[in-house]
Amino acid sequence: MDNLFLLILLPLISALILTFLKTNAAKSIALILSLLSLALTIPFLCTFDANGGMQFEQNWLWISSLHIHFHIGVDGISLPLILLTNGLMPLIIATTFKKDYKGNFYALMAFMQAGLLLVFMALDAFTFYVGWEIALIPIYFICALWGEGDRIRVNLKFFIYTFLGSLLMLIAILYLYQQVPNRDFEWTSFIALDLGEDTQRWLFWAFFIAFAIKIPIFPFHTWQPNTYTNAPAAGTMLLAGIMLKMGVYGLMRWLLPIAPAGVALYGHFAMILCVIGIVYASIIAIKQDDVKRLIAYSSIAHVGLISAGVFTWNTNGLSGATIQMLNHGISVMGLFYVLDIIQQRTQTRSLTELGGIASRAPRLAIFFMIICMGAVGLPLTNGFIGEFLLLKGVFQYGFWFAVFAGLTLILGAVYILRLYQKTMLGEATERTKQFEDVKSTELVVLTIVSALILYIGIFPNFLLNLSASSVEVLSTFLGR
Amino acid sequence: MEQANSMPIDYLPIFLQLLVAVGFGVSTIIITHLIGPKVRTENKLGAFESGIEVIGNAWQPFSIKYFLVAILFVIFDVEVIFMYPWAVNFRDMGFQGLIEMFIFMGLLLLGFIYVIKKKALNWD
Amino acid sequence: METVVQQLQGVPINHYLIFCSIIFAIGVIGVLIRRNVIIIMMSIELMLNAVNLLLAAFSVQHGDSSGQVFVFFIMALAAAEVAVGLAIIIMVYRNTKSVDIDSLNKLRW
Amino acid sequence: MGAIITLSILALVVLYLGLFKVKSMLLPVSILGFLVAIGFLWFDWNSTSGPLYSGMVHFDHYAIVFSILCIAVTLCIFVVSKGYFDQEGQVAEYYSLLIFSLTGAVLVNSYHNFSMLFLGIEIMSVALYILVGIRKRDKASNEAALKYFIMGAFSTGFLLFGIALLYGATGSFDLSEVKEYVVNNPQAISPLFYGGILFLIVGLTFKVGAVPFHFWTPDVYDGAPILITSYMSTVVKVASFAGLLRLFSYSLLPLQDFWTPVFLVIAILTLFVGNISALMQSSFKRMLAYSSVSHAGYMLFAIIAVGATSANSIFAYGLAYSLATIVAFTGLILVKKTTGSEHFEAFNGLGKRNPMLAFAMTVAMLSLAGIPLTAGFIGKFMMFSSVMENYHIVLLVLAVVNAAIAVYYYLKVVVAMYFRDSEESCVNVQWNYSIVLFLAVVLTIIIGVYPDYLLKLI
Amino acid sequence: MEWSFVIEKLILVFIIFVVTLLIAMYSTLAERKIAGFMQDRYGPDRAGLFGILQPLCDGGKFFFKEEIIPAGAHKALFILGPTIAIITACISSAVIPWGQELQIGDRTISLQVADVNVGILYMFGVIALGVYGIMLGGWASNNKFSLMGAIRAASQSISYEIAMGLSIIALLMVTQSLSLKEIVAQQSGFVNWNIWAQPLGFIIFMVCAFAECNRVPFDLPECETELVGGYHTEYSSMKLGLYMFSEYINMFVSSALMASLYFGGYNFPFMNDLGLSANMITILGVVVFFIKILLFIFFFMWVRWTLPRFRYDQLMNLGWKMLIPLAIANIVLTGVFTLIKDTYFS
């Protein structure tokens, strides 16, 4: 069962099946299929040997005239993300049980899952690019078809933004392809290249912009708040929970090893952007009234920190980023889910119209509390270990960076607590009077999310071990 | 072919004849203009329509058939041009040349039959 | 007289070239600035004939008959083009009662 | 060569079938003829000895592949056209002219002598002048025909002047001899030759509809009947590019330094003008017209970066583009039948009115936009990679910006289909449309996923 | 090549020009005389003996009549029309070989104005230009009859030009030359006349020649009963005269052409067996040539007073549906026979 390709094939097959399902059974079938995916992931997790190298590699010649291979494999950096993808999928599907989505919705999700997995596994730049693009299409449709508000314009902007970025990346990939002596798109060939500093400069920008748009790093973030706000809840969870990790992963997998000199030159600048993003997004988040927007901006801030961790390029920063990607995925998914529950019951997202839910729905309040703690990064939650490592890394990089990046903790606490207080505590409003507590699937999902948050918070070593050696390997590329 | 190439000089006499012809044409017109009487009246200068009041202008569309003939002429005449060089040399080309030209003429004929069948040349 | 003849026979190729270019340019300018479709078509014919002349001149210069054969091709296709073109112009005229190119403005963005 | 003869005879046969009022036979006979022609080409594959007929045509792999593409695309258009022209009353003429035009296209693909290039282009276009104006009462169609005619004839003049100048410099119309001339006198190339190249470029870019000689394209594409437009934007465009590439990659290759900059400028202009104009259209048909201009820009990349792979890349691009365009136009025909409009709004709610058609259109649009797993991506990828080979990075960046712009207007269709509602009734799709749509979509995806065989063809 | 050559050619041109005009003038008289003869009456006989001065009187009248240019006409084209008609008529005879060479002193004088190797093409080119004269005149008049006549004339002449060209091609296949001098020289004696090789071609050619000259039975462009005066309805004075002149000149040139293409031109039977001097043969040849021409002119007139006029559709049908297929058949037959003869019987 160590066939990685199966992991990609399964979502594709489920997408095909789900497309033609018009009944309510689609939900359950989608859930079962996604659980199957998750189950298939477990063997890899068990047999994974954390030695820093690529494992379970599969390599087929795809387009022989261009020496393009279908080459996939995992290492300690990608495995957590695969775990995240396959793990969040069933949860996200479960969150939609109360909505009347048809099979096509889940087909798009499954299709996207395949794209995401391809991105996280690809060891051939062409394969990577293909995955990168095909993950984009379904989410575009999900957000634009089932979204609300000015969804068409907003999503078009999102699509074109990311598409433009990825095309820049394509240029860089093509350039690298021309540099490889025997002309292939292999990751190993790319990182083995000895590129001049001038080349690495523009290569850095080509890759960086592509990834920065996806992450999003300030100032490439403008598409993000609107898209998150207007997307359906599941779409937002996909976007924030999994998709933006594509960008961070891209930074680690492709940008750092290929253009180390570029990173050395401009990494500083990128760091500054990240930190600006953190502070800027946090401050805006504090001012938000719309809860979804609030979380959207918080996401920018958090991801800014993760990216900053990547650009520190030390073991702490990198392993922090690796683990925090997973954690952020879980927490933000949980946050959006809770907000979705609130929105469904109260028909509003405005903080001013909410309040006093805790008294009506104590279970929800508890779950929300746990998730919020995870998001803020309090000890014993998953966020803590990640943010601690990240800040440590940033501190190693530079004191003032750490000071500003550290603001994220404080500001984060401010807006998350404000969020919690405004929604759960205080007097109940018109809209929250009849608030029902969570039950059935909601309960299950929230329980799982909270459990994960706590479990990782308490036993982070499992994840850290998974990625440690790969991070070591990655950090050796510096200064090459 | 044994015949010599024509030199530009061979065309000089034609030019001379052209000069004479132009001279004749132009001079007669000028002379009549000078010696003829000139008594202009409105009726004399009007268009002749057998005494009936002239309606409108003669420069207006006429039957499409004439255009059709003109267009067909252009095509067929140009195809005929292709035959001149062949006709002069066809003995040297022998049967192969003959058959090739027959194919050409066959195509021409096919077009021709098409035109006739389409009743493009029917005047009614 | 002698000199005239010699000059006639010995016209350098450049003269043909310049002459044909001028005719061609007249044709091009005609197409670009005239508004009457018929005159535009005549200008196009002028362009083609400039090419014909040029080909014939080159053909003589190279002592190679293929240039003249090409002229035949051009003539034949020019005829076909004129035939089709005239048909189109008539068709347009019947619908719009005009052969002025400015009156054709249905398709504009 | 068998293909050209077959097609010529086929055109006549079809014409005469119409004359003798056996309309039901038109389509089967044409399709049979196409298959025979393709068969001839197929069997020529291994016997490509050299130029035939005293060097007039050369059916090398390049020519065969492009010819088959042209014929196959025309075949699709024929299948779709069943019933489309019935109200015109001159179906046979329509078919016959299309086949004649196709013959010209095949000639352009396979020429080895300038006279054949000229003849091919003319046969191709003269038949189209008529086809564009085949709706005699429709003013737009009339006007398009007139514009196409004038522009076509005008550009022919330039083409011919270029050919004449090349002839003046080299003394031959044969591609091989022109090449020999260039190779043998690298120092002493006559200025006539350079002038000739420039004129040729002008003439041919007119034909392919590249900026600044594109201004006829939108009007003509818009005014012509949809099927003719689809023919023009697929077969004619691909064949013209095949001809262009053949000339520049074979005969004029050594003078690359001279003409590359010219094409570079043309390509950049074409991309921007085509895309930005397409962006502003409200008519789907007109948008496709401008987008075809911009696609011409991408296809010019293969000529700018002429090399071993350019033939393959232009073929891949042409194929992908043709498939997508056929789907797009077929969709437009179907939609126009129910709504009577060619605007984007006509597609409103198509996702509900006919999901399969909407899916096909989506695939086509994504392919045109160059999204992975569609053929269009492979085409764009090949183009980009060939340009990258010569390190025209600036060009590539501009191209990328354009690709992003293009996404916007292609997605406009998708947006209309899925995200907007409409009260219009369902769209019925007859079997002939279904076949073509199905084939084109499946091929688009297959090529997008596994283009390996395709890219090794030439 | 000296000035004497130019002077010699000028003299020749002048002589031919005068002869042409004379023949044209007297054709008008002949026409009426023959009409008289056919209808059993006298024809004009007041001016001079047998009316021999009649053409001069007519000509004089033309000169002294008032010249009218209608108010609605296009002035420049109105004048250009007859001018072109007469010019093309006059220059078409330039390539016809009137006779062999004359030997005067040590000078050899060719009785052909210009010996160009594409003589036949020249003829056709010039004849085709003739239609411009009619078309311009008819159009410029701004008269519906004129326009109608002009269009008819144009349609008719271009229609018959195709058949004419095709019939000539068959002839060329026999002669293998485009030079009229060469063609005539080939027909020395009597049995070599092309009429024996190309009877069908000749008939087609002749019919077409009738049509090209707008002669009865093909005189639709100017049929009085339908179109008043046809394309020259609005013309008066010498401009009308020029049209008429050009018409008769055309007839003369057509006759000359037919005589040289099919009836041996200046050749006559036994011309080399009579033991005459070269100059004598030449002069006799010229005389014989003119006799042939005059016979053709007579034939033209004979037909005019014998046959009724065609209807327009009949005319077009004859041209397109009869003569063109016939001419093509003629080419095919000629080609096959010639090649069979060349391959198996030589």
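Each chain carries a letter (A, B, C, D and E) given by its place in the written order, and its residues are counted from 1.
We take it that a residue touches a chain if its C-beta (ideal position, glycine included) is under 8 Å from a C-beta of that chain, and two chains touch if they have at least 3 such contacts.
Keep in mind that what you see is a predicted model, and the values were worked out from it rather than measured.
If chain D is disregarded, contacts among the remaining chains split them into A | B, C, E.
Traced through touching neighbours, the fewest hops from chain C to chain D number 1. The central chain of the assembly on a C-alpha centroid basis is D. Top contact pair of chains, counted by C-beta pairs, is B-E.
Averaged C-alpha coordinates put the centre of chain B at 19 Å from the centre of chain C. Mean C-alpha position of chain D lies 53 Å from that of chain E. Once the centre of each chain is set as its mean CA position, chain A and chain D turn out to be 43 Å apart. In whole angstrom, the spacing between the mean C-alpha positions of chain C and chain E is 31. Not a single residue in chain D touches at least two other chains. Shown for chain B are the residues that touch two or more other chains, namely 9, 70, 77. Looking at chain E, residues 1, 6 sit in touch with two or more other chains.
Interface residues of chain E, counted against chain B in their complex, comprise 1, 6, 9-10, 12-14, 16-17, 62-72, 79, 82-83, 86-87, 89-91, 93-95, 113-118, 121-122, 139, 141-148, 151, 154-155, 158-159, 161-162, 165-166, 169-170, 172-173, 176-179, 182, 228, 233-234, 237-239, 241-242, 312-313, 316-317, 320-321, 324-325, 328, 331-332, 335-336, 338-339, 342-343. Every residue of chain D that touches chain A in the complex is listed here, in rising order: 309, 312, 366, 371-373, 377, 381, 384-385, 388-389, 391, 393, 396-397, 400-401, 403-405, 407-408, 411, 415, 418-419, 450-452, 455-456. Within the complex, the chain C residues that touch chain B are 5, 8-9, 72, 75-76, 79-80, 82-83, 86-87, 90, 93-94.
In the complex of the two chains, the chain B residues touching chain C come out as 7-9, 61, 64, 67, 70-72, 74-75, 77-79, 81-82, 85. Only residues 13, 17, 20, 24, 27-28, 31, 37, 40-41, 44, 47-48, 50-51, 54-55, 58, 61-62, 64, 66-67, 69-70, 73-74, 77, 80-81, 84-85, 87-89, 91-92, 95-96, 101, 104, 106-109 of chain C touch chain D when the two sit together in their complex.
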